[in-house]
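In order of appearance the chains are A, B, C, D and E, and numbering begins at 1 in each one.
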Amino acid sequence: MIQFDAVHKRFPNGTTAVHDLTLRMPEGGVTVLVGSSGCGKTTTLRMINRMVEPTSGTIRVGGKDVTRQDAAELRRSIGYVIQQAGLFPHRTVLDNIATVPLLLGHGRRRARAKAAELLETVGLTAEAGKRYPHQLSGGQQQRVGVARALAADPPVLLMDEPFGAVDPVVRTQLQDELLRLQKELSKTIVFVTHDVDEAVRLGDQIAIFRTGGHLVQCASPAELLARPADDFVADFLGAERGLKLLSLKTLAGVPQGPAPEGEAWTLVLDAADKPLHWASKDGAEIPVRPLKDGDSLLAALDESIASPTGLVARVDAAGRLTGVTSRDDIHRHAGQAHSEARVAA
Amino acid sequence: MIQFDAVHKRFPNGTTAVHDLTLRMPEGGVTVLVGSSGCGKTTTLRMINRMVEPTSGTIRVGGKDVTRQDAAELRRSIGYVIQQAGLFPHRTVLDNIATVPLLLGHGRRRARAKAAELLETVGLTAEAGKRYPHQLSGGQQQRVGVARALAADPPVLLMDEPFGAVDPVVRTQLQDELLRLQKELSKTIVFVTHDVDEAVRLGDQIAIFRTGGHLVQCASPAELLARPADDFVADFLGAERGLKLLSLKTLAGVPQGPAPEGEAWTLVLDAADKPLHWASKDGAEIPVRPLKDGDSLLAALDESIASPTGLVARVDAAGRLTGVTSRDDIHRHAGQAHSEARVAA
Amino acid sequence: MTIDWSWIGDHTDDLTSLTLSHLQAAMTAVFLGVLISLPLAVVAHRIRPLRGFLLGVSNVLFTIPSIAIFVLLLPVSGLTRTTTVIGLTVYTLVVLLRNTVEGLDSVPAKTKEAAKAMGTRPLRTLLTVEFPLALPVIMAGVRIATVMSISLVSVATYIGDGGLGQLFTDGFQRNFPTPVIAGVVLTILLAVVADALLVAVQYVLTPWRRRRA
Amino acid sequence: MYELFKNLGTWLTSGANWSGSDGIAHRLAEHLQYSLLATLIAAAIGLPLGLLIGHTGKGAFVAINLASFGRALPTVGLVVLVFLAGGLSMLPVYVALVALAVPAIVTNTYAGMTAVDPEVRDAARGQGMRGHQVLFQVELPLALPLIMTGLRLALIQVVATATIAAYVSFGGLGRYVFDGLAQRDLVQVLGGAVLVAVVAVALDLLLSGLQRFLFRHRTA
Amino acid sequence: ASGITSLDSQGSSSGGGGSSKGGVTIGTANFTENQVLGYLYAAVLRKAGVKVKVRPNLGTREIVIPALKAGDIDLLPEYQGALLNYLAPKDDSAEPGTMQNALTLAMPSGLQVLPYGQAADSDCFVVTRETARKYGLTTLADLAKQNGKLVIGAAPEVKKRRVGAIGLKEVYGVEFKEFKSLDSDGPLVKGALKKGDVDVANLFTTDTDIAADDWVVLTDPKNLIPSQHIVPLIADRVADDTVRKALARIGNVLTTAQLTELNRLVDKDKKDPEDVANDYARQHGLA
């Protein structure tokens, strides 16, 4: 657990980067810091591993005041993924990852072995380990950055806009990977971004900052979307706040019925019961995107709008049709999600 | 009009950047080129003003083969907005904008006057004209880039990821401005981006490229969203394709009825008939976001989900309630939008 | 101006020993120059106010005519190789110090930050991150300093040293171009070879720069 | 040592030493004349060369290596060689000084040109500038700070080395160094050396001030 | 055959009081005649069983004399007049014997001059045949008739030396239009004389160019210019009997004419000074 108590940071030039911050970041959870440029996200993050020293207030990691610890040692115990990777250009990928184990005196052999393992964990081949950072794509470099931060198996991970520089497709991949890793390793993660969608996707809680270093609201994504504390937060979350909330809910509990037969449109299946497309009586075909229980209500709504019948085809893990869900059922659950979030807030 | 005929570009190092491209970019319209990194968007754009010479095929601008024209003169007649502005760091903003008029021999006085005018057009103060580019924010620099490209009043404008480097809020502003300018000046614009939302927002037609310089599909945004030519295009457009299509349709034609009275929830108005919030019988209040005719179906759907009644409050230009629209009506129109798009494709 | 090839044929031994002596003087000076400029550059890099001062001093030293330096050094180090080497070392500083400071400046702040954030202490950061990354710029300085020193060794003929420079005095005294031409050509050759060797050294020392896209 | 520096002070400040054809003022003027002329000639050779390779991107390898080759030319050897070939005149001195200055000017000009952001160069072409317009309106102004640095470097070296003129009987501040040496007048030797250093540093400061003034609008 | 040797990293070791056992390092100034003399000294010393090393090209006395004191070198071929002028500028002895006495008196501690040899090489002032004819010059005194018209070229030190501008003015009342600082009987001063950049040049009598170019040596009726016999300047520490005897032999054998011829071999025939010296020593049974 990371605990900020009345933390204030004023730079020598007079800028107040963080204003009287009190914030709890739960153990094993992902806390996302968002806010527009210059609102103090990076500063907040960097005070945790003492890259920046607070002007006043205390910060405790795992109950211990960080200022009471040797800065270099503290940093070795906290993984830090820097904006745009910040890799060492003169070291191979493997040696980059082995940095902290080496600093901890683990011996070159053991450090390299650990690094090779992590390379795999973040989805890179052993061959990539021998290359230099500039020989990797942006997304691969980000992966190396994450691997390097994980190398000493630190309980805490700080990530400063780690996926900022890569294109949207790769970004989604990296986010998926992070979620998977988090499930496996359950680190305490502090994640900075200025992309709301990323925050909603990754965060167990989201802290929104306003320029001047003020924390405006800190809550779970659902609460935030349902009950923004003020107009600033609402604007920040964007116009499609209602829909975004649906991305947090899965189809799992939404009822399904049998597919319609003998009506204007029928759902055509293949021999293995997998949905192929919608077919109309006059021979028109419209593609279908079958959904699983784990897919979000947002995906369901999207599909129900695209579907000529308003019905969403649902399948099991093997892709076999289990039934269809109507637009109304989706909406009912969507409404429910909203009221739940409102109540929770 | 810009016409590509069987255009092929192979770089000396063997990379094929553009593969057998035949494409028409209509006069007075915005053609957006999208695709993942390295797919040949920039190369395509730069062949229009001969910054890159095609290996084979012909490109005509306004009916005239570009290779038949003097390259420098051709470029002066085509506005070019470069990724991250590409401003001249040693010239004031005003002189940056005056570049092409000066090259055309317009005389310093006239060129500066024109530049000052354009400064206003793109929403910058006269004071900003005296500064040097590095003294402006990213967004302001982009504006200067656009102004510079407009300075000679060229009929054609090439824009290469002009808004790539600015944060999302400023980006939206710049897009709005471009749409406004386009309405005023109706240039033939070729716009490169890798952001699908930006493409959908700005494009009259969107051309999707795949790595290797292959044009996969070129169609209006609505057609594209409704009928992606293949999985590549579908993936590229993203999961919420169905919903994105709704952002292209306005509420204008969707019917509305009177607000409900005496039911579980009532819509509370102020003295001037402006909607305030939804109130339940037991005193709960839920915020309302009233929509105008010009707002999109997507916004309406979002609001209807957030609304406890599924109803969307609609207002006139002055903000006075005109009626409410039900979720079903929204869906009906959404479905209609999809079928229209499908038919058009 | 004709070259007396038989003179060259008769003097290959002398030319060889002069060349070696020339090279030794230049290399020792560059080596010492590097040794001195590295710590000074670190100081200049870290302590801004001292930078101007240190670079200024190296600049001024560079402008002092060599004869004056030798005359001042004679009471201290006499008519020895030491005097030559000290003089040359003083001249190398201007290039070495500037380039080393620039090299350290050129290390991306991000990378230094990364090292710090991993828990690397300052000295280790300097040795394992800053110096290696500054190496290309430092080496550029070493190359210039080497070439410059090789060309400058000849000024030490005033004190009876000066390697190939002795050939200049000799040819000058006797109105005899052959030794002068031989001296000039050998000096340039030496510089070119030394430069090429340094390029090779740099290639070996900076594996990460080899396959730049 | 103390005595030496006291005498040095007297030598430098005595009015008699400043006047006449052998006076400091005259020698200073000669020294400046040699240095500035040599640097000017070097600039006339090095600048166009550096600009050309920088602009076209061609011949860089050859030019940079030639420059390094030029740096290796031993000044004394060059002076002697040109003297033996052509007899007693200022020619050997100018040849040697120009050879000394050209490399610094070429390499810095070239470095300045390559440091111009390719995006900006691209933008210039994209706005319809022709080759020479790109060169003179964009590349040259942007490369100017580094070009100036090169000129400063060259000038310092030339000023410091122009003492060589006295080696072949001409004037300049080197006269004091060589005469002092011959006449066993250490004060005169050091006086000459100090004056050379002062001139070099003063010129450098002047130019760097000018540079700072000219490019005060630029970012760091 | 080695005309030029590099400076080795080791200086000479200074053996105990007056012993050449540890070897002798001979220095020479940077003009050819002095080098020839240095190698001649080396040849005779080697014959006497002394280990010798020659360090040629050592610049001016300002550099060489301190080096001699400091032990970087031990022995130097010198010229009576010039050395005396260096050590005792006010002394105006003109006879070889009195000069030798004066030198002995002026000698700094630790150094001594050995007996001078018969060869001499004096300063002289020369003009071209054409200049001599034009102004009717045969003696130094004639120069006074052209006061303020003529340009003299000489090494820088000559300007402030008695055997030079100062003496010429005092003794003959000569005033030049300009003094050009050139070199000591080197290519600069000779080139300048040839080209007409200077009218009068300060050379050495052993210079073979004087005869070759048909230059006129102005006579010195008032004995301003002392004859300069060649004299070994040596550090006490190596001046033992072996060395003294060997150097005395060469001093007695070598004549001015022979020295001039040796200079010619080096300057004109481009022979190495060392070879020239060794050949001479062998021919005269000195080596």
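FYI, a residue touches a chain if its C-beta (ideal position, glycine included) is under 8 Å from a C-beta of that chain, and two chains touch if they have at least 3 such contacts.
Here the structure is a predicted model, which means the values were calculated and not measured.
Chains making contact with chain D as well as with chain E: C. Of all chain pairs, the one joined by the greatest number of contacting C-beta pairs is C-D.
The chain with its C-alpha centre at the largest distance from the centre of chain D is A. Averaged C-alpha coordinates give centres for chain C and chain E that are 37 Å from one another. Per-chain CA centroids place chain B at a distance of 55 Å from chain D. Chain B and chain C have centres, each the mean of its CA atoms, that are 58 Å apart. Between chain A and chain B the centroid-to-centroid distance comes to 28 Å (mean Cα coordinates, whole Å). Across the assembly, chain E contributes residues 62, 187 that each touch 2 or more other chains. Residue positions of chain C touching 2 or more other chains, listed in rising order: 71, 157, 167, 172, 175-176. Across the assembly, chain A contributes no residue in contact with two or more other chains. Pairs of chains meeting the touch criterion are A-B, A-C, B-D, C-D, C-E, D-E. The residues of chain C lying in touch with chain D in their complex are 1, 56, 59-60, 62-65, 67-68, 71-72, 143-144, 147-148, 150-155, 157, 164-165, 167-168, 171-172, 175-177, 180-181, 183-184, 187-188, 190-192, 195. The touching residues of chain E, counted against chain D in their complex, run 60-62, 86, 153, 155-157, 159-160, 180-183, 187-188, 191-192, 195, 197. The part of chain D that touches chain B in the complex is made up of residues 117, 119-120, 122-130, 133, 138, 141-142, 217-219.
For chain D in complex with chain E, the residues that touch the partner chain are 83-84, 87-88, 166, 168-169, 175, 178-179, 181-184, 186.
In the complex of the two chains, the chain A residues touching chain C come out as 49, 51, 71-77, 80, 82-84, 86-92, 99-100, 103, 132, 134-135, 148.
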